[in-house]
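Chain nomenclature is as follows: A, B, C and D, assigned in order of appearance, with residue numbering initiated at 1 for each chain independently.
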Amino acid sequence: MTQPCEQISPATAPGSREHYREVRARTEAIAAPLTVEDHVVQSMREASPTKWHLAHTSWFFETFLLARDPRYREFHPRFRWLFNSYYNAVGDQPERIRRGLSRPPLSLVQDYRRHVDGAMLALLESAPPDLRDVVVLGLHHEQQHQELILTDIKHVFGTDPLRPGYRPDLPAPRSHPVALELRPFPGGIHEIGHAGAGFAYDNESPRHEQLLRPYALANRLVTCGEYLEFMADGGYARPELWLSDGWATVKERGWHAPLYWEKDETGWRQLTLRGLEAVDPHLPACHVSFYEADAYARWRGLRLPSEAEWERAALTGSEGASGEGTVYESGPLQPQSAVEASGLRQMVGDVWEWTQSPYVAYPGYHPVAGALGEYNGKFMCNQMVLRGGSCVTPGSHLRLTYRNFFPPDARWQFSGIRLAHDLTD
Amino acid sequence: MTQPCEQISPATAPGSREHYREVRARTEAIAAPLTVEDHVVQSMREASPTKWHLAHTSWFFETFLLARDPRYREFHPRFRWLFNSYYNAVGDQPERIRRGLSRPPLSLVQDYRRHVDGAMLALLESAPPDLRDVVVLGLHHEQQHQELILTDIKHVFGTDPLRPGYRPDLPAPRSHPVALELRPFPGGIHEIGHAGAGFAYDNESPRHEQLLRPYALANRLVTCGEYLEFMADGGYARPELWLSDGWATVKERGWHAPLYWEKDETGWRQLTLRGLEAVDPHLPACHVSFYEADAYARWRGLRLPSEAEWERAALTGSEGASGEGTVYESGPLQPQSAVEASGLRQMVGDVWEWTQSPYVAYPGYHPVAGALGEYNGKFMCNQMVLRGGSCVTPGSHLRLTYRNFFPPDARWQFSGIRLAHDLTD
Amino acid sequence: MTQPCEQISPATAPGSREHYREVRARTEAIAAPLTVEDHVVQSMREASPTKWHLAHTSWFFETFLLARDPRYREFHPRFRWLFNSYYNAVGDQPERIRRGLSRPPLSLVQDYRRHVDGAMLALLESAPPDLRDVVVLGLHHEQQHQELILTDIKHVFGTDPLRPGYRPDLPAPRSHPVALELRPFPGGIHEIGHAGAGFAYDNESPRHEQLLRPYALANRLVTCGEYLEFMADGGYARPELWLSDGWATVKERGWHAPLYWEKDETGWRQLTLRGLEAVDPHLPACHVSFYEADAYARWRGLRLPSEAEWERAALTGSEGASGEGTVYESGPLQPQSAVEASGLRQMVGDVWEWTQSPYVAYPGYHPVAGALGEYNGKFMCNQMVLRGGSCVTPGSHLRLTYRNFFPPDARWQFSGIRLAHDLTD
Amino acid sequence: MTQPCEQISPATAPGSREHYREVRARTEAIAAPLTVEDHVVQSMREASPTKWHLAHTSWFFETFLLARDPRYREFHPRFRWLFNSYYNAVGDQPERIRRGLSRPPLSLVQDYRRHVDGAMLALLESAPPDLRDVVVLGLHHEQQHQELILTDIKHVFGTDPLRPGYRPDLPAPRSHPVALELRPFPGGIHEIGHAGAGFAYDNESPRHEQLLRPYALANRLVTCGEYLEFMADGGYARPELWLSDGWATVKERGWHAPLYWEKDETGWRQLTLRGLEAVDPHLPACHVSFYEADAYARWRGLRLPSEAEWERAALTGSEGASGEGTVYESGPLQPQSAVEASGLRQMVGDVWEWTQSPYVAYPGYHPVAGALGEYNGKFMCNQMVLRGGSCVTPGSHLRLTYRNFFPPDARWQFSGIRLAHDLTD
């Protein structure tokens, strides 16, 4: 089987033809283990079929780069409309729930990719710098969708009664106990946000000062074993532990465990990308909503970190974070136990960590002009920030300033829990 | 391209191995023009993916015949549950809306068919007569699903923004004007329903007497051109023409034309199995609900026939009905103009004709014992009877006593309108 | 407390001022035990507040009689729209679910009634015969709403956590066991439907012949005790007893007993118009849907009667039916045990009896012209016929040809079960 | 007519019998202009009937004070359950949508109030200080419900086709143009939040430092005239002005103007508590959602203030704020034009001003222990903070640190818009 992911070589120039080729090839490598049928199914409104992801990422380059070129010959007259996700400035778009279409067939979408690739590689021979920025954005966009292909196909498999695995041949995750400790961090005025030359989304800017109070952060993620204790203690049946909207959600949807967990005569099992497996108490808890993360923290007498707390701690307290967590390229595509160490562990590349911060604009934020301004800015309401990246996030896509965001009831992302609490001065 | 359908040779013994082979092969021929992706999509709760039809028809033989044989080795431990449609006596079943699954892949479903075929052909070497009846039932069941594959894939294509055709190479329908005339039929006590040795569903029995009053029946179906006049006369905007539930449906769903009709700058077009085509005024109107058929008839100052009126007229007044209408085997897979003649035309094999009869049990009806009693009996509420069979119904599947039934708002079947009215004695 | 109902004296001429006064006064007597607050609440879409009933019945006279008179001064410019129920030919109307309004206050609605009464009594001094027919229709319409006031306020009280009674002072029902027997009736051609000079709704016409097969009808209604046996035998948990739509309804709404039944530590209790009382096994089962009636009959190995069977049996086999059942005027406003007798009992005035007949037009039926044609005709779809009238139906409102109709899932009417079965010739 | 509201005399000791009597009497004065019927109706899930407010505010004293006293005789055994709003620690509660009950009648609820008042006044003769705090909380709770009675009855009248006024005798609002100016405020570390001895809700604490950047705040609220310009410029049809969730809401609900605005041949009219009146361009725009406030600000090239910006500006820049805005006691119960002045105007007591701040805990926040901890804390998700208080908020209930909160789509509160923007250092 094709190895789905290889690291983008650090030597590759951002936005170069090599960069473009590497990212695009990886998307196809991720889709390679799937059957044609797997590419088609949309299991819920929020998730998209793989075939759609393959087309939409090409649409992005076509719409924001190629369409500006009068010599470009469009592949299909309806694709500009069909594969628009939510860019109103580009035009109307199909209803989100209507992405599970049989046509165009996968082979035609693959032709579409090749068509776009040909035109893009020609363009990249002599792309001016301002286009180069859009190319880099498009490649990061594509990396986001690489992660979404995996989260969304997992949801397809999670709603399939046969509970298939994506790749049963994946390696087993590292598993052993690590003691939970809370590491102190100082208060004061600190800068957060992106600055400098590297790529970042517009929502990570401007870099700005935030006032923090002394706090502590857990050295590792909450484990499945710890989460099972919460469940055993009636966590899903005690309204005092939950936000009001969270409690309503628990009752309405009948939640009683993380997504993808199910109980049989052998105990709790969870669907991973390898298939259905016993829940391992040493592994990080995953596929919990913000509501569950918040309730768990309250049950422990602690809280979730703010995104500023998380970012400052990640910058200063993380030992070997980038080396440890980026399991994506060769890893088991599920979070694994931390490597024992004195600092913070599992900050990057294990699970997206829910913060207590609603997703709002940084002070002085302005979206970029035009349709690309819709990329991040218009979602700044009713969502919570998640930090750190997950085991299915491409390693070269992550940054400590990265702000991911999902509604508080979302569970199908690889999302977990890191605990925090207040320190008195 | 494979010719999808050949006539079952009249010489074939019902329930024989030859019969089994012919019907099963035709199912696969019908699916042959589809892409793998086309097999997967479920476009609404009421319609099923082709892949599901292929599996469920095999499940029928496995469940009601093979499973009784202790030597039979089941193909997959979960299929007994997964491909059950609605037989509660067999066991629980998946939610109907959850049939659009990616797994098992099409190839495995095809293997499942071959596995069942092998066991069935062995069984048929020495099947006792009581089993033979279930075999024949299973083959008629499969023929029903042959029609459903076509109606359901048409719905998939009708919700696909690209509006693909199933087989663009299909021949064009015969099209020419035929004058509408009303043919008189006498009242009195008449028998309807099935009797005799041939196959029929349990709901066609017992044959029994019905008291009719003199009536007249239209010599042909209502055409698109006639239906366009209803539309032009404000048919969809005049509540006095509609049943109360029909009017509520019109408003709620925004109906303003038959299903699959859409208007562009060139005028009205409709999706057929050949693709999107101009509406031809001479062809029968199709894909209307009972509500629309009833409103149309009221607008004309006429009414729909009862099923007893229809059956008596078909028996006595139809000229060459069986020869004319069974366009399925070599036809255009859409209704076509009647052959001019003095009798009733288009009674069989053009469109399912809505009657004014709610679907209820015939007097003295008893469903067969066991799970197969769920086939027809439990649906005798909230549905209307349709008669005659459509251009996508296998010819050998039709009978003049056949009672099809759908809810009054259903439009995705090939359903149309024949007019009737009362004659005074 | 005001006695809510007195019998309309048989001597009163239909459509006379005396008749008008008596019917109108009775409506107000029925509302008299209610608080002002009780008049306001709409507990579900299908039920209406008492205040609305009081206004709508006046609207009927205003719209179909007074408005034709150029001298008539309308009471309020918005009432013509506000209190229209469903007459599209009169004009648009508010959404049905929006009847629970605080304004106009009850006192203004009472003024409206007096205003209409004054104008009607003046009109009746010299009403021409064709108006007289509409007056009689309006009074029967008002009597229907007298029953609906009671069924709808019972639903208000049934959804009120305090479970109040409408009139705790009502007399207790007669209660004693009566043996169940099946009485035979002959087949053949029989006439049913209304004919003659007396009042009837248009849907009872034309009188026409129906062909019946020999049948038997139970001498009394199914009792609560018998229904409890069905429940104890798993009646609500056995899909094989139910129509498919019925079973879906049972699961979706969690039905496990008739409406208004609840179980506490003392056993089953039911809300009556006297308040919450122990379920009495000798009283007729009431507040069941068609689905439940049908499932019960199947469980007994019997069936429900057709409406033609019911009507013929009522005409020929009922002993003292009209004397016995019309408990409304002085009765307990709940069904009571039959008086022991050799004939059919409880045919009229106990509970509405579900038949197996879908509500369709009689052969040759034509609705009356104009808006009044919407009274009955447009509902001839998706409903089942009920016969006999209930303990809350005004006695002078009932006829053996009366066709009531409700959807098969309706339970808030006083609806019950009479068993039937086929006799062989 | 009873004057609905008199000022609580500043001399009254908080939590004293005089204080209790004054607040309780005012609630009843607010309800006095209503008919009995008006007390009953629940027009949507989020709003409650006046009768429920009258009962629930008494329930609060009974549950959190009187029930602790073994000598207290409860008024009704079911009220503890029936009038619980959302306090899970007290016990289960009825569904929120089920508050529009006819029983208990208004008179019994008034008896309940008197019963609770008698017991409370006895208790207050010798209440220990810790109880006194709960008394004060209960009175502020009651004042919140005084405002809700007015907002909720306005919604009842707004959904009533007759569009009645609450008090047509109310005085007309002051109306004249005032120039819009943006006043500068400095950045830096500032304290916000409650401190000191006076009453405040737990969510206003702890007082803490926030880091602000220099900013400007509009001297007055956005007016109806200015909002009409936004509408005329296609404000409701331009997705680029809206947050994604806001745009989805606009389309789904068909918003095209503020709540309670409707257009007829004379132009735009809006329902006020006096009745339906022409929209006055000089009055503050009111009954807009956060989505509309945010879109309006974006259309102006400005933004909404954060709650910290608002609080600091209110403390330092408001001229005569408390004197000007508290129109509630003798005012028109609708927002009116600002008094011309050089400082900030209309900061308190005009409309609740949407901020850009999601409603989250202040750093170090801990809800109070027990059921009263559910008062504010569990709602800290999916809501936005509003500041300033409205023309229907009791004047003695307001504080500059007060944090009101509603979901971003809520429009039935008296909510409006104040503009802000960034200043560079």
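Please note the rule applied: a residue touches a chain if its C-beta (ideal position, glycine included) is under 8 Å from a C-beta of that chain, and two chains touch if they have at least 3 such contacts.
Quick caveat: nothing in here was measured; it's all calculated off a predicted structure.
Visitor: Which neighbours does chain C have in common with chain D?
Guide: Chains touching both chain C and chain D: none.
Visitor: Where centres are the averaged C-alpha coordinates, which chain has the largest centre distance to chain C?
Guide: Result for max centroid distance from chain C is chain A.
Visitor: Just curious, how far off is chain C from chain B if you go by their C-alpha centres, in Å?
Guide: 38
Visitor: Quick one: chain B and chain D, Cα centre-to-centre, how many Å?
Guide: Distance between chain centres: 60 Å.
Visitor: Show me, using the given definition of touch, all chain pairs that touch one another.
Guide: In this structure, the chains touch in these pairs: A-B, A-D, B-C, C-D.
Visitor: With touch defined as at the start, can you tell me which chain B residues reach chain A in the complex?
Guide: Spelled out, the residues of chain B in touch with chain A are 35-41, 51, 78, 81-82, 94, 98, 100-106, 156-157, 159-162, 164.
Visitor: So in the complex, the part of chain A that touches chain D is made up of which residues?
Guide: The touching residues are 86, 88-89, 189, 208-211, 213, 239-240, 242-247, 290-291, 294, 356-358, 360-361, 363-364, 374, 378-382, 408, 422.
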